[in-house]
Structures are given as structure tokens and as C-alpha cells.
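Same chain, two partners: chain A is paired with chain B first, then with chain C.
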Partner chain A sequence: MIAFFVRRLLQAVVVILLVTMITFALLRAIPGNVAIAILGPTAYRNPATIAQFDATYGFNKPWFDQYFLWLGHLAQGNLGYSWKLNQSVASLLGNRLPKTVILVGISTIIALIVAIPIGVYQAVRRNKAADYTFTALSFLFYAAPTFFVGTVMILVFADELHLFGPEGPQGGLVSDFTDWKDLTLPVVTLALVTFALFSRYMRSSTLDNITEDYVRTARAKGASERRVLIRHVLRNSLIPIATLVGLNIPLIVSGALITESVFNYPGMGYLFFQAAQQQDYPTLLGVLIVVAIATVIGSLVADIAYAVLDPRVRYVSS
Partner chain B sequence: MAPLLEIKDLHTEIRLRRSTVHAIDGVNLTVEPGECLGIVGESGCGKTMTALSVMRLLPNGGHITGGSIVLDGQDITNLDDEAMQDVRGNLVGMIFQDPMTSLNPTMTIGDQIAESVRLHRGADKQAGLERAVEVLGLVGMPKPAERIGNFPHQLSGGMRQRVMIAMALACEPKLLIADEPTTALDVTIQKQILELLDNLRQRLGMAVILVTHDLGVIAGRADRVAVMYAGRVVETTDTTTLFANPRHPYTQALFEALPDKIVEPAGVAKRLYNIPGQPPDLTSPPQGCKFAARCRYAQDSCRETEPDLTYDVALHEYRCFFPVGEAALDAPAQDADAPTVAAAEAEAEAEATEGAVPVLATAPSVAGDGATPNGTLLKVEHLIKDFPVTAGAILQRRVGSVSAVADVSFEVPRGKTFGMVGESGCGKTTIGRLIVGLEKANAGSITFDGQDLAKLSNRGRRQHSGKIQLMFQDSYASMDPRMRVATILREPLVIQKQGSRRDQEKRIAAIMNEVGLPQAALERYPHEFSGGQRQRLGLARALVLRPSMIVADEPVSALDVSIQAQILNLMLDLQKDNGLTYLFISHDLSVVRYLSDIIGVMYLGKLVEVGPADDVYFGPVHPYTKGLIDTVPVADPLLERAKESQGVMGELPSAVAPPSGCRFRTRCPLAQDICAEQEPPLRPFTAKGHLAACHFPLREPEADAGAPAVAEKTTASGGQ
Partner chain C sequence: MTMPPSSPDPFAPGINTPLAPGLDSIVPDEFPPNDAAPGTIPAGKPRSMFVRGLEVFLENKLAIVGVVILVAMVLFCYLGPFLYHTDQIHTNLAIENQGPGSGHPLGTDSSGYDVLGRLMVGGRVSLEVGMAAAILATVVGTLWGAIAGYVGGAVDAVMMRLVDAILAIPTLFLALVVVSMYPATELELIIVIALTSWLTTARLIRGEALSLRVRDYVQAMKVMGGGGTRAVLRHIAPNAVGTIIVSATFQVADAILLVVALSYLGLGVQPPKTDWGGMLSDGVQYTYDGYWWLIYPAGVAIILVVIAINFIGDALRDSFEVRLQRR
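Now for the complex of A and B:
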């Protein structure tokens, strides 16, 4: 198990390196001049200023030199400096990342808690009215764009009913818990979209398992339907969901990007959104690295969850 | 004494979206306490549905629509779900066909066995596990206390089936239903599991319903047999009577379709009886006797009214107006019908004799004899194939190798059939793949039609692959489901660039005739065919390039007896017409013996015995061959019960680290020290090419066998 873990970690490092290389190249390929973006539109009249800026921050060097310089800094934990926000990227992320983790974490957990029983219930009542209802609902949320769901939420629950705040908690991490009424709508919005995906998978996974021979064996033992579902079907049906959750972390994070923008929630997604508009390359790079790491961790977590749930995997790896 | 289980006029239906399957249509059965009742029939005849009706575990849409099931004095037909849960696993236990899929992969076997104890006896976790250890010991699991923490995938197939049995027995049910309990297992393991069931039945005094399609399994184990056809029991009686004197034409036909009973010497092939057509579609069952459409004695009256149960003697009942066989002495004579039946039977007899086509014009084959008139088509010499075992996702370190084929040599004469037998994992399929060119040998040579395959150019290789074709066990899986039959059959011709499109279409049309399929079938897709028809397609695809040899890998293993007979007959006809040579790979010795001129027995990558089919079958020299023969159940209760030998004990060792010396020694009753030290070479036992590799053969070589130097080592015959 430990060897397996170490091997996966080494693979993860390689993946992250590749990601940094590609994102760095892509960002540099975007049209526009950093110096002008930073110094303001009038700076193009003054080539000397631009040259000085480029020299100071290394923009006059070949791009691969810039990459290695940046990579060297990254290895020391220095993610760069945002000239736009006049703050180091590390401290920016330090403030914003926990907020996103809270948003994504709570909404994913809520989505799972709701989606798993509903998926199982749909499988049991397959092709009956309840199944069709939930199928319709999940397709609706799956198809609806996040910004639309978010906007409707604000209109209905904040503007009309005044039950929750229209804007996410603006303060630090603590405000997420003190201003939970403001956190509710972003969490629900993100959870609804995620729930739609999970419940579909849970339904089909349960359907696959419910017709398996071992389920018939359990019934032949005299186990009640309830016991058959909970003790036998559920665990086996969760195996593909574990992978799904892990692999969907980047998707959920990008969902958070839009949700955060809709609700002005000061998380990483919103930060990314702003940085992209302002050509704030150091910040963009920083966020992308974090997302890349999250993706790799997500698949690592999926693998581990898989091994915990499925003993067949456990023994193959050791 | 009241019967333990009494099923009266049971009707079970399965409602589908647009139709209703009348799966069980008036079944009457009784099981006495402690008795073993066998239920046989082809797939789809309702034997499993009967078992599932008793357990009330019918598939979706399944309902009991009439009749009654009384178990242990209690009418369980209309019990509610909760009451049924008390019956299942407590009063009746059930074991299923495939022990891999029938066990929960994410639960330890201890927990799975303990579950029923906890459900029915209110035991706590600890007591449940203790009981699990106890029952695991009962079913012959070595070191049960250490095993309860294992997951199903950590056990071999045979051990998994033992776990299934332990689970069913944990609460000491009065009735055990075993639904094809050994069909998914190897023959050697099958024997062990059947022995275990027999043994447990006697020790625990429970009754057993043994559901199987295999008449051989029934013959040795059941006290009474019920033969089912199209959702009805068509004949019931005690096992000995049924096999000696079947009265229903269906029962008789089933026996005649079996290759076991062929007495003619191998090579002179007697055609098997062919039950024409297929079982009826149970969504709209035919009027009258359901077997009438396939029955050779059927009269108009059979198609109009359904025959009632007729009693021969008190316990022999059947549904037929014109029964075959002999009426028991105290039964009312059926004079009126007797002449008709006799005439029909005589006719059938005549037909059968006519069909007894001698495949060979020459005397029975001689293995490895270069003087055979037609010469040798395929020569395999010192063939070796290892598969690497690797570890690691990226670097793929080689940590060992599986010795799949280890120094195997044999010859196949042109126009003959070489039958290759052995347990799964013995390397027989690998040899087939090597010959066809799907795998590359590590060492050794394959000479086909005088050409060394290893020395062929790429182009020569492509031409070669047209001369040897493969036929698979699962034809359905081996055909692209999105291609029409015409495309599937034309593909080999296109790849080999043979003829114009018109020529190719002509060839396909001709091949469809040869394998007995209508031209219209060319426009259909593989899923639209029955199992037997698909196997015909598999044969057609193999034949389309006019190969000189066909490697048939378990071609009839997945088929029902009657369909198996159709395919075997067809293979013989095609061999006669086209001078085909077969390499016939199978685990079923009786089928191999029926079809083959030469039999080769493989064990763990080694050819341990080879020789003319009847010499090997009736006079085995190697203990493994003898064990295999004793292990295969024969459809004859007297023979089956008279068997003293235990067959082959234990399980196949790993081919990653095969035993030193003779690879069979770990399971051999005759093994001595020398077997571990020295590998026995193949040596002749008769002048006709009967070879075996054993230090302690079951008999000495004949004087004129042409004894090589190695024969001197055989000082002691297996005396223990």
C-alpha cells in the first residue's frame, strides 16, 4: 500500500510539472503586453519604461528562461507577485483558497448525501413515476448553466422571499460560518448541479448491481430487501461514485468559478475570473497550479477510496 | 411419511413488456426427506424457474399464477415476503451456478456465511463467525479459521463454490437446491464438489434438488430424476429405471444425442442422434404435446391434445401417447400403439445406421506415423511458450513467467482429428493460438504442410493464416455485433484478397448451404441467431477460406446436448466432404473421444499422454489420464456408482512455479521421490504410437513398443 502511494505521488509530480509547462506556454501565447496591462494604456508611448519593466521582471528573456525562473521560485514556495493587486500570489491564495475549499467541500458533501439515497431509490423504483420525476429534475439541473441557476436562486430566495443573502460572505474564513445565511445560496447552487451528476451515476450503478448474482444469493439467504440494499448493493454501487467524485474535482472547482462570480464570493474562482480579465499572469498561473494540484489529489483520493471500497484492488496493488 | 416438498400443478409466468412467458406450466414434483431429486432438461425448459419458484426468487415480472408448493407441511405458495425470508436460507438453502459472481466481492466470506446465521438464529457477530468457521470446515475448506477474513477473489473457483455451499448450509436447511452447481467448474473440481454434496446430504440428512443439464452428473448422484421440457415435467422415475428404460421420446432423444454411449471404435464415427429444431417459444406454447414438433414418433393426435401423466409402475410417470422403451410387466399393455412405435423406431434405427459414416477409408489412425497415406499436415516440435508476469505500472519489471506450454511435440496427420484435453489452465488454448499464429513461440517449431511457420515472410504468414482457421467457444462474442452475417463471412476473403466481389458472394452462399443455414440469414445480425446457429456461423466463417485445418477451441462447450450433437455431426460431415483436419480442444473427454482419431492429454503445459483415441480412452497409461477419465461423469448410473477412483484430487498448481520433475506429481497417487527429481520423458507404450510421460505408468510398455533407453528406469510400476 505504501509503495503504491509513493508511486502515485511521483506520478503526480510529473503531471503537475507538465501542467505548469503547458499553462505557462499558453498564457504567454495570449495576445497583449504585460507591461502595458500593468503600466496603463499610455505606457506604449514610452518604450523605455516598458523596457525597464520587462528587464525588472524578466520579460525580456526567452520564454523558457522565464519558465525556469518561475519554476525555481515555485519550488521555494514563491508563487510570484501580482502587480495588479499589489500582493504576493501566495498570500492571495492563502486567503481565497480556504473559502473555495469550504464552498466546494460543503456543496459536494450535501450533493452526495442527497444523491446517493435518491439514486438508489430511483433504481429500486425503476421506470415508475418517482424515478421519472427525479430523472427529469436531475436532467434539468444538469443542463441548466450554473450562472442561470444561481441567478434564479438570488431572484427567488433573496429578492422575493428574503430568506437568504444575495451575496456570499465577504469576510475571511470565519465569516462563512457566522454569515451562514449568505453562504447558503452559493452552496445550494453548486450542490444542485453536482447532485444532478451524482444521482444519475448512482442510479445506473445501483441498477447494474441490483441484477448481479450475489444479490440473488443474499436474498436466498433470507435477507430482507432493505438489508440486501444497504449491506450488499450500496457498497458495491459506491465504487464507481468514488472515482467519479475524485475525477470531478476540477469540474466542481470550475463550477465554483461561476458560482463565486455570480455571488461575488471572494474565493479562488472569483479571483481567477478577475485575474483573467486583467491579464494578471502571476495570479492566473498560481490558481492554475492549485487547480492542477487539486486535480491530482482528487484522483489520488479516488484511487484510495477505490481501494478501501473494493478489496480486489487492494490486493492487486500490494 | 409426508414428502418434504410437494409441488402441485405449479404455473409460473414471467410478464414481459409485450408478452408473457409461460415458464412453468403445470409442474408436479415431490421430494422426500433426505432424497436427491435430479431435474434435467435443455436450457429454457423451466428447471431453474421451478427452483426459483420454490425460493420465490423469480426474476422481475415473474409470478406464480397457479398451483401450490407445500414445504415441510407448510403451504408456502402465498406466504408474504417477510414469512418467505424466514423460509429462505433457513428451511431451504440454494447454491448457484457461478461462484465468482454469486458471492459479494466486497464482503469477507466469513461475514457472508455468518449473515444467514445472524438472520435466522439471532446470533451476534462473534457467534456467527464461529459458526462460519464450523461450516467452512464441514465443506472441506482447509484452515477455515484463517480463511474467514478472505474475500471471494482470493479463492479458487472450487473453494468459492465450497463457500457457497457453506453459506447455504449454515442454518442446516432441510432442503438444498443446487442449480447447476458445477457447470462453471473444471471437471476435476466438479467431481470434488459433487462428492462433497453427496457426503453432506448423508451426514446432515437433508434433501437435495440437483438442477443440471448434464445427464452424467444426474446419473451418479440423484435418487430420482424429473425430465423437464417446455415448462413441464415429461418423465419422472428413479434414476436407474430412467437411464435403463426411458419411456418419453424426449428422454430417449437426449440420451442418444450424448457422445458417451457410442461404442464404435473412434475414427469410425457413428452419427449422434439429432433432435431437430429447437424448444418451443414459451410466450405462445404450441397446442398438444409440446415436444411433438421435434418428436420422431409424433402423430396427429399429439399435436391436438396434450397427453396426461401416464403411470407405468407407481413411480414411473410420463406424458406421452406413444411411449418408447418397454412397458413394465405390471403396466397395462398399450397394444394399439405398439406397432406404430416399433415401426417408427425401426425406421429411426435404419436412418441411424445409414448415417454411420466411416470418416476414414483407412484403418483407425496411427499417431505420429509418417507412413499414413496422406502424410503429416501439422508437426509441432519442442514447442515452448512462456508469458511474462510483470509488476509496476510504468516500468513493467518482469517478476516471473507463466510456463503455458513446455516442450510439447506432436503430429497431426492430414484429414484426421487430433483431440486435445486437459483442465483449464493446462495450455491447450495457447497451443491452438500458437498454431494459428496469434502468439509467437519462445522456442520450438511448428511445421505446417512442410513449411516452418517461424521462417515465413510476412506475406507467407498471411497466406498461412488462411490455411488454418479458428473456431471459438463463444461465437457470439467472437463476432462483431454490428456487422451483418454476409459482411462477417466475406471479411476473411477480403483480407486474403480472394476473388472478385461476385466470387466472394458465391462462396458465402455456398458455405451457408454447407453449414445448413438459409441464404436469408446473410442479411441478419449475430444476435438474431440461437446458440447452435451461431456456432454454425462460427464454422462457416472458419471454412470460408477453404482451410486445410481448423483449430476448434471448445466449440460445443456452451451448447445444450441436442445442439451439441447437431454441431458435432456437422463437423464430421464437413471433414468427410472437404478432407479437413481438426485440432479439437476440449475439456470434455467423451466429446473428444467421439470426434478424434488421436487424443493428446495436456497437464500444466506438458503433453503427458498421446495416442490413438481408443487406446488412450480405454487403456490410459498416465495416472492423470486415468484420473481425468474417472472424473468425467458418464450418463450411466451403474457405471457412475461403480467408480471407485476419486478421480484427480486437489487443484491445479500455479504455472508460475510449476512443480519440479513431473508436473503432475503433487496430485499423483503414485508419486515417489524420483518424480520430483527427474522429469519423465514421453516414451512409447505400443507400436501404434501410444506415448506417455510417467515414471510409474499404469501398465508396462508392450514388448514391440520400441523401447528407448529411458524405459529402463521404470523398475517399479505404481504399486501403492
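Now for the complex of A and C:
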């Protein structure tokens, strides 16, 4: 068990190091002079600034020196400086990241609360009308681009019915809760995307468990169908959910990027989108590395949670 | 494929010994391919797997629906413009944002382009970029996974950790960074999307390669002096064809969703060219004006194509009996 943790942890460290190398390669792949790309097109007027920039970031040194210098900055929490927004990327993220965490957190919880019972219900009533209906719905939301779902939400619930605001809460973290009417549509949009994924997974996970020996044993002992479902099937079907959420962080974060762009919700995804449009490379690469590290940690936690919750995994891995 | 658990055969060479150290040790093929070699399967047999697969596929009603929708959409995009002529190059601001009516069944957009005609032209870009990116991603992913799985050891570890690392960066984020650096053309979009989506294929094929490389026929080929290239191209890849086809199908759906997302964010193909995502992006500016014909047609077209491809992919998975965990 300990060996499994240690090996998995080392693997995560290696992957994070590789991620920093990829990000550094992207930094080097910026077309033209990196200093001008980062300082802005007017920087060429001031060679001293460029020379200072090159010296600070070591661009006058061989590339491996540059990498380690950059890595050193990164380790100290220095994600770079956005000249376009005249703010350090770390402080930008300090404002924007919590907003995204709120959006992603609430919508993922809602998606799980809705998807788990529906998935189980589908598995129990498999190949009946209700199962087909929900399968069709999950196919629909899986295939629908997030920005289309968001736009339709605005058209129907904000434009036509005037029930909710068309734009996400624009203020700080507190506004997410005071302006909950504005937060509703972004949360629902993102939840619908993940709902499709979770409910399909829950359905197949429950179907796998229903045919297990221990379920048959429970039935043979005379346990009620309700007890069998809740105590035996559901408990075991819930285990992969930890993995499911952990492994789908990239998908959920991508969904958040588009949702935030549709609703002008000032989170990390919207920041990234604006940075891409304005070629704000320090912000792009800073956010990229934060998202990637979050993903690696997410899948690490998911794997460990899985091993803790499911003894079968432990035996196989050790 | 279920095989009886074979007892360790003392005469089977190399199963427990380290495998070929790498592809740099390529041995020239001393044995030219000989299809009539004794012990090969009779010619009719490999086809029966496909016939059986086809039967399973055709029994699946959703698969038929998927094929019909996909063919209809392809015909709509490629044959449609021959039957329904519209000017998709010159803007005509005199007829901007007209509602559906005479002459323009789906109205016109903010530049005066006919929406129905634009749906056909835009669909071509979405479908072509999606298909091409998926094919490229599948080729790269298959080779990468097959080589990693076949060679094994440290090479495999390094190759797969690299896959883990790129996979840790959400595809949309990675694609946006690259597209923001170099202005997007169709070719560049294809390459960017392929380079960010070959990873799942690589993982799947590596899994296949790990089980295929210890099979008797691969071992026999090695004993006869076959090298790594031959093993990967002639034995590993062809035997993983089911997995390859199924994952390629889902790749097309995902690639189409990615290209429309990039276009929606304004970093896809540039005007006067457009695709379904670009059309939606234009339409969204008029959300509050109630110009629904700028939003629903393109959105519905994307959903129809992606659902159709997913139906086909699910059916193919059943016919090839591929165990495949989506994402």
C-alpha cells in the first residue's frame, strides 16, 4: 500500500516536471523575439529594456540554463508578469481562480447529485422507456457544444422568460452568492455537460455491480430490493465516482473556459480566453501550468482515493 | 478473444526474456513476406471477423440512424451548394440579418450571407478539419502506443509519462495557446487538434501492444529475425485494428467539437471562410435581438453530426468487441 503511494507520488512528480518542460517549450515556440512578444510590440524602441529582460530571464544563456532559471522562478510562485494587464499572473489568478473553483465546484456537485440517482435508476430499469429517455438526453448533452447550451440558456431563461440574469456575477467572490440569480445559468450550463458524462458512467457502473456475486448473495439472504440497492449496489457503484471526478478535471476545466466566455464570468477560463485573443503569453502559460498541475494532483488524489476505498485495487497493485 | 491459459512452454523463446532493446536494432528482413507460409490462417477466415462485425453493426438501430444522419449531412454540405446556389464570398449589407422568408429559407446573417448556404460551406470546414485531425491523431497515437508497448521498459516509461504530461494540459487550453501564437489556417487547425488529441489513442494501443507482443506469432517473427519496425507495422497495428477504428471514430466527434469551440472563441478559420462554430460565434452577438436563425441551425447541425458519430462509434465498439473506456 505504502509502496503504491510512493510510486504513484513519484510518477506525479515526474509528470509535473514534464509539464513544466512542455510549457517552457511553448514559451520558446513563441514566434519572433520572446522579449518583444512578452513586453509588447513597442519594446523594440528600447533595447535596454530588452537587454534587461533577457538578463533577468536568462535569454542570453543556453536553453537549459534558461529552463532551470524559469523553473526556479516557478518554484517561488512567480508565474510571470502580464504586461498587457500590468499585473503579475499570480495576483491575477488570486482574483480569478476562486471564482472558477466556485463555478466548477457547485456545478460538479449538482451534476453528481442529479446524475447518481438517475444513473442507478436507469440501470435498474434498463431498456425501459425511462432508461432510453435519459440515455438520449445524455447523448444530447454530450454532443451539444457547451457554448451552444449556454447560448440557448440565455435565449430561453434570460431573454424570453426573464428568470435569470444573462451574465455571470461580475464582482468578487461574494457577488457569486449575493447575485445567485446571475450565477444560476453558468452553473446549470456547466452541470449539464458533466451530467451527461456522470450519468452514463453511473449507469454502467451500477449495471456491473448488479450482476456481482455479493448482490445475488444479499438477495438470497432475503434482503429487500431496496436494501440490496442501497447497501450493496449503490455503495460499491459510488467508489469509481472519486476517480471519475479526478480524471475528468481537464474536461470540466475546458467546459468552464467556454461557460465563462459565454457568460462573461470573470474566472480563470475567461482570463485565459482573453489572454489568447490578446496574445498575452505570460498569462496563457501561467494559467496553463496551474491547470496542468491541478490536473496531475487531481488524478493522483483520485487514484489514492480509489485504492483506499476499494480493497481489490490495493491487492492487485501490491 | 478468449484463449485458454497456456502453461509456460519451455520451448517458447523470449517470453520471459527481455524483448528487443529498441527500434534502433532493426534487423533487415531476411525473410520476405510470404503469405502462403505453412500455418497461416486460410484466406477466408480473417474476413469473417468483419462480416460478423458488420452483422452486429447492422443489427444496431442507432448505428443505422447514425449512418443515415452522417451521410445526409455530408450530402447536404457537398452536394447542397450545387442545387442551392448562394454567394458566400461577397458580403451584402443591404440584406443583413433578414429573418427566414422568401429567397432565404433560413434568413441571412450580419454580413448578408444566406444562412442555409453558409451552413453547407461552413459544414465542409468543420467536417474536413474534424476528419483530417482525427486521422492524423490516430496515426500518430497508434504508432506511439504500439512502439511504447512493444519496446517496453524505460522507453515505454518515458513515452507514456510524456503522454501523461500532455494529457494533464486540457486539450482546449493547449490548442488555444498554439492557435494564439500562429494565426489559424485550416491546415494548422488540423495539426493543432491532432497534436493535442492523439494521446488517448496512444494509451489504448499501448495496452493492446503489451498483450500482443508476447503472442506466439510475434515471438516467432522475432526468432526468424524480424525487427521492431516489422513487429509494429505488420503485427501490432493490424491486430489492434478494432481498437484503432473505434477510437478513431470517437476522435472525429471530439475533433469536430474542438474545432467548433476554437472557432466559437474567434481563433478558428477566419472570414470569409467560416465553420459551424464561427457561425454560432457571429450569431451570439445578436442573442438579445432575437435572431434565432443565426444560432439554432448551426447548433443543431453540430449536435446532429456529433450524435451520429457517437452512435456509429458505440456500434463499432460492440461489433469489434473493444473494451474502451471513454476518456
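In this section, the second predicted complex is superposed on the first by the 259 of 318 C-alpha atoms of A that agree within 3 Å, B and C clash if a C-alpha of one lies under 4 Å from a C-alpha of the other, contacts with A are read in each partner's own complex, and residues count from 1 in each chain.
Assume contacts are C-beta pairs under 8 Å (C-beta built on N, C-alpha and C of every residue); 3 or more make two chains touch, one makes a residue touch a chain.
Worth saying up front: this structure is predicted, and the values here are computed from it rather than measured.
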Partner chain in contact with A:P62 - chain B first, chain C second, else both or neither: neither
Partner chain in contact with A:P311 - chain B first, chain C second, else both or neither: first
Touching partner for A:T217 - first (chain B), second (chain C), both, neither: first
Of chain B and chain C, the chain that contacts the larger number of chain A residues: C
Contacts of A:L288 with chain B and chain C, given as first, second, both or neither: second
First, second, both or neither for A:F147, with chain B first and chain C second: second
Partner chain(s) touched by A:F272 [first = chain B, second = chain C, both, neither]: second
Which of chain B and chain C A:L257 touches, first, second, both or neither: second
Residues of chain A contacting chain B in one complex and chain C in the other: 11
In the complex, chain B residues that touch chain A: 55, 57, 81-82, 85-90, 93-94, 96, 98, 101-107, 115-116, 119-120, 151, 153-154, 164, 167-168, 392-394
Touching residues (chain side chain A, partner chain C) in the complex: 11, 14-16, 18-19, 21-22, 26, 29-31, 139-140, 142-148, 151-152, 154-155, 159, 166, 197, 247-251, 253-254, 257-258, 261-262, 272-273, 275-277, 279, 281, 284-285, 287-288, 291-293, 295-296, 299
Of chain A, residues touching chain B in the complex: 7, 11, 212-214, 216-225, 227, 231-232, 235-236, 239, 309-312, 315
Residue ranges of chain C in contact with chain A within the complex: 161-162, 164-174, 176-182, 253, 257, 260-261, 264-267, 277, 280, 283-284, 287-288, 290, 292, 295, 299, 302-303, 306-307, 310-311, 327
